[in-house]
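The same chain A turns up in both complexes below, where it pairs with chain B and then with chain C.
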Partner chain A sequence: MSSSPLASVAPGKRALTGPAIAGLAVVALVAMALPAFTTGYVIYIANLLLVFVVLCLGLHIVIGETGQFSMAHAAFYGIGIYASALANRAVDLPYPFAMLFGALVAGVVGLFIGALALRMRDIYLALATFAFGEAMQWVFANWDSVTNGPNGLRISPARFGPLEILSDKQAYPFVLFFCLLMIGVTVAISRSRLGRSFRAVRESEVAAMAMGIDVRRTRVVAFGLSAAIAGFAGGMFGLFQTFIHPDSLGFQTTILVLTMVVVGGLGSIAGAIGGAIVFGLISEVLRQAPQYQEIIYGAILILFMMYAPRGLFAFIGDRIREARHGR
Partner chain B sequence: MDLQLALIFLQQGIASGLVSGSVYALLALAIVIIFKTSDVPNFAQGEVFMAAGYVALYLFVFQQMPIWIVLPATLLAAFLAMALFRRVVLDQVAKSAKDLVYLVIATLGLSYVLKGLVRRTGFGDTPRSFPALVPTDSVMIGQASVTLLDLAIFGTAVAVMAAFFWMFNYTKTGRAMRAVGMNPKAAQLVGVDLRRCHMLIWGLSGVISAIAALLISPKILMTADMGSIVMLAFAAAIVGGFSSLPGAIVGGFIIGIVENMVGLFISSRAIVLAPFLAILIVLVLRPQGLFGGKLTIKKV
Partner chain C sequence: MKTNGIVRGLTLAGGLLMSLAAGAQEPGITDKTIKIGIFGPLSGQNMAYGFDVVNAAKMYYDKVNKDGGIHGRKIEYVVEDDRCNANDLVAAVKKLVEQENVFMLNGGSCSAAVVAAKDYIVRNKVPYLMLNASGDGALFPPTDYIFGAFSISQYAVGGAMVEFAAKSLGAKTVAYINHDDAYGAWNLEGSKKDAEVNGVKLVVESVNPTINDVTAPFLKLRAANPDAILLVTYARPAALLIKKAAELGFNKPIILSVTGTASLNQLVGNVGKDALKNFYTQEVMIDSPGGDKLKPIYDMYKAAYPDLAAKPDHPQTYMPYGIPPAMSLVKALQDAGPNPTREKVLAALKAQDFDSGVMAGRMQFGPQQRAANRSTIFIKYDGTTMAPLPGVFTSRWTYEAK
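After this line comes the complex of A and B, so read on.
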């Protein structure tokens, strides 16, 4: 399971405590047993949350680890969805390969954007990626012959050999598996030499350069990997969804993912995962009150930035520590 | 396309482009003065613009207030909202987190709150139009047809810009703002109240957005999403160089004209894409923009 790598995300930080292991074990058990005692809607939400976890991992690589502001992740995600769905439908590629294809296409586009982004930082990077995201959404909505334009694209059911996935319930084990796989991949990247150079670039490009890190290459690779993971999330989406509409791949989605990563806490993998789940659930509950959705959404962003910029979990941790020390 | 038609299109494109461009220029100016002094790209600028439009609509159409009350009331509301956001929210964010990302996300939060509030009131659900205060009879300039309203928009926008430059260059407050933009610490040392100065700048940028909203609202359909027009202002600011005030204005006119040319010569479907392409092309070819000066290398 994911429990051990999850906890030792920030290298050199404190080891897992007893309650944390117990908590993770419970989460893992619940996650695996979920289909046994719930019905369609809950499973659907669970699938969606797992996809968002992977999408957040992708954004984490580029913003959290490397400190590069990307506002194009809905676009990479969309590229992954369309590429995998089209590969599945047009060439009848077995679905795992279709997913890889989606990740590959998104990754290549990500490398390209990363290469462009070399000349920019901070706000310029944010605006350029934002512009790219909006332009991609326009492409999804207007490239009729490929994406079926504003009518949306039907996604054919995924097939694994003889097994055809026709329901959320059937898809769930696969979605869970791929999600855990991507958590493992992200942790591995983060702990590798590459991950260390990501963080070195985030802390100071000049210092990183002085240590012999190829900053340009590192930034491009970060964009490519991050986009590939987001594209893979798109492939996971196609496991259980039968339809994709370009409207759902715009700025809203980018902000949703950004919010998740921020609510969890920028810079930690556990934060990205936790944020995806917590904020995913919050935004699902808010669907019941669509009139207030945007207001609450915005208020959460503002309040977190004001009072808990390190994220929900660090905030709770701090409060617990304060309470223990009797303050 | 024969030459004659192309010439008419060219003139029409420039005339219409100058009109819409003047509104983009105002919004770009609002974005740039904030960026210059706070280093924050305000992603809520479009929603401030939108909300101000709705405040005016509410007072003028639904409360039947006379226009000489509506105008100052709208500008005041925009000023206060932005100044308070700076003072209450961003000062706190800046205190608890150093990174730029956090300030940017807070402005994204504001944009959502404003949009949500307008939708919540119900005004944003039906597309509406703000009644024009100037007759919309058309006049010909060369071979281009423009309305009196267009001329009023252009004239007012240019007057506002001129007033603004006068304030920035010749008043004490304006000079203090410029000083903060160049070096906040030094400005503070010579007696500038940083906090007050930031509030003033954010408030002022709210006022400029409100003016832009009052100018363009009679010409467009007002919806809760009309803030997306800010993309063109961002494009204008980037073309101009993002931290240059004259750049923002020139950029606004360029974007306005390019947008209209794309619509006339290529296709109206491509208009939406124009600002994003402009942003991408400028950032790739000349990241510092037309008026951005030399790129500086950041030291450790």
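After this line comes the complex of A and C, so read on.
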């Protein structure tokens, strides 16, 4: 039996129950109706959270599904932002294609970095991907002729046909649609043969090899796919944000996304989504208590590690199961 | 005649209704209050750049309220933490504008973060005065809505240093260490003009703000045999460079930019007094921090925040920087008259020119000028005593549309 902490949270093909479907329907309705009864500020936060959801899904592919470590996702996210913005600006590429271009560039870089870095394991892999992330931030800050260097890059407003997106509310339906699309893509990957290969590699590389899985190729593909999704999140960022600065793509963002995925629940798509939303919201709410926010944030992390080490959603699931058995 | 009278009456009534409607549409203004949004880094590793700056602005607004307010209205402020981070700053700005419905904004201590909000502020036509962010990327090219650099434009920091090195120290070759970031690029661009006019040769070395070993850049600069070294960096690289200079026996003048002077006590602790034998610091205020000319500001702080003032290292070095932007905002509101609109306030700001009594230079805006201050003084500092030197040094950099 596998000793991996991820083993017990591996996704299976379970049918959704009635209450779950009703719950999802309510969430979907609220999400769709949100712009009608709230301010642009709330919609901005919602857009930002949806982008982080996709970024976390990207990291989930490599960490949660394949069991590899990566500290390079802020860099892939940045590549997606810069590539989509520049493609849109330089050749007036329609924004949806610019987003795909951003994802493609990030994915290709991810494949290349994955091919090199995945020769390493554990702490060495973490350090290699961390070094790549730092190097990319340096590139963003210093490749003046392309990225506008330390002055930051102004992102032109996205266009969808005749519609120019000039506000968070205008951007929201697109951000929501692309987020749902990427959730669908991630679920499809997870349930595909490729996804099963990812999890086989995660649980035991030796067993995976014995089953005929090319472990190295699987790891590289996971890294490339993961980078492409992070790059796509970067393109989504350009739908509502008109400026990017290299300072926003450093170690802090890496740690934030890593925290979201780990605390949400490693190995679970719902965990990655929930972690992004819950921790994104906590971060925003804590802005109202500047004197205490670092203490509160630290305390929350410690409590999670102590009482919900498998993540928020596994914790909630356990409590629900306990309650059912108790009845 | 009668018809004319009716038409006139209707026109007048229509005009009144329109002006009332216009007044009603102006957010954040009531008969008794003007609501403004303040934001700055109140937490995190960069809070030293903004925490007490926000406090200074608040205490100035409180003083204005105590003195009767502006045309009978009191200033009501809402404060948000921007964490010195672009996403958080944009969230704070959107919250203040859309949820709090403020009339205008006064905030931001971090340039890169501030620039992220530029498009939003311009689209929504909100008057915005920065706190102590230089924010040159948001100020230029100029817009009708964003005003800043009340402490100093980053374009002007290096230029004023070159001016001082040339005129007061007779330097002909200057070693210039800047950052490989936005500050560094802006500083250098401004410095080149002053170097050219003063016939100064600049030998430039750009370092990362997180650099740990400065031996290589320092040796490269020393090899150029400079007459003075200008450190246009944050405090940490500056401390490393000053220490390295002392270790290697470099005894020519070292001039530290205002960006590196967050805590001179800490600098002395880090480098030791012996390293400061031929050392000058740049200051954008009229006097050294805590000096006689700034005493009223420090007294005001002690009265407003007795608990904070009792703590070590409070007020923080940049505290007085919060006063000039608050003065500018109040002055613009006063100049806009008893029925202020955003457009009237913006027009008043564009014509503003006053002496804050806090900063080295006048606060001046103009048709293309959005950076208020370009002047600095210099202080000889030996690790114990701060002796302000005579003269105000102003950068020649001005914005030119490309």
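Please note the rule applied: the second predicted complex is superposed on the first by the 293 of 327 C-alpha atoms of A that agree within 3 Å, B and C clash if a C-alpha of one lies under 4 Å from a C-alpha of the other, contacts with A are read in each partner's own complex, and residues count from 1 in each chain.
In this section, contacts are C-beta pairs under 8 Å (C-beta built on N, C-alpha and C of every residue); 3 or more make two chains touch, one makes a residue touch a chain.
Since we're looking at a predicted model, the values are computed, not measured.
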Have a look at where A:Ile300 lands relative to chain B and chain C in the superposition and call it first, second, both or neither. first
Examine A:Asp92 and indicate which partner it touches, taking first as chain B and second as chain C; both and neither are also allowed. neither
Regarding the shared-chain residue A:Ala207, is it in contact with chain B (first), chain C (second), both, or neither? first
In the overlay, answer first, second, both or neither for which of chain B and chain C A:Phe69 touches. first
Taking the superposition on A as described, I'd like to know which of chain B and chain C A:Asn142 touches: first, second, both or neither. both
Contacts of A:Ala126 with chain B and chain C, given as first, second, both or neither: first
Superposition-derived comparison: chain B or chain C, residues of chain A touched: B
Between chain B and chain C, whom does A:Pro309 touch in the aligned arrangement: first, second, both, or neither? first
Could you look at A:Glu322 and tell me whether it touches chain B, chain C, both or neither (first, second, both, neither)? neither
Looking at the overlay, what does A:Val262 touch: chain B (first), chain C (second), both, or neither? first
Under the contact definition given at the top, report the residues of chain A touching chain B in one complex and chain C in the other. 138, 142, 291, 293-294
Sort out for me which residues of chain A touch chain B in the complex. 63, 69, 116, 119-124, 126-128, 131-132, 134-135, 138, 142, 204-207, 255, 258-259, 262, 266, 291-302, 305-307, 309-310
Chain B contacts chain A in the complex at 35, 39, 41, 89, 92-93, 96-97, 100-106, 108-117, 119-120, 231, 234-235, 238, 242, 269, 272-273, 275-277, 279-280, 283-284, 287, 298-300
Mind pulling up the chain C residues that touch chain A in the complex? 42-44, 47, 80-81, 83, 85-88, 90-92, 94-95, 97-99, 112-113, 115-116, 118-120, 123, 137, 179-185, 208
Where on chain A does chain C make contact in their complex? 39-42, 44-45, 48, 138, 141-142, 149-152, 154, 166-168, 241-248, 252, 284, 287-288, 290-291, 293-294
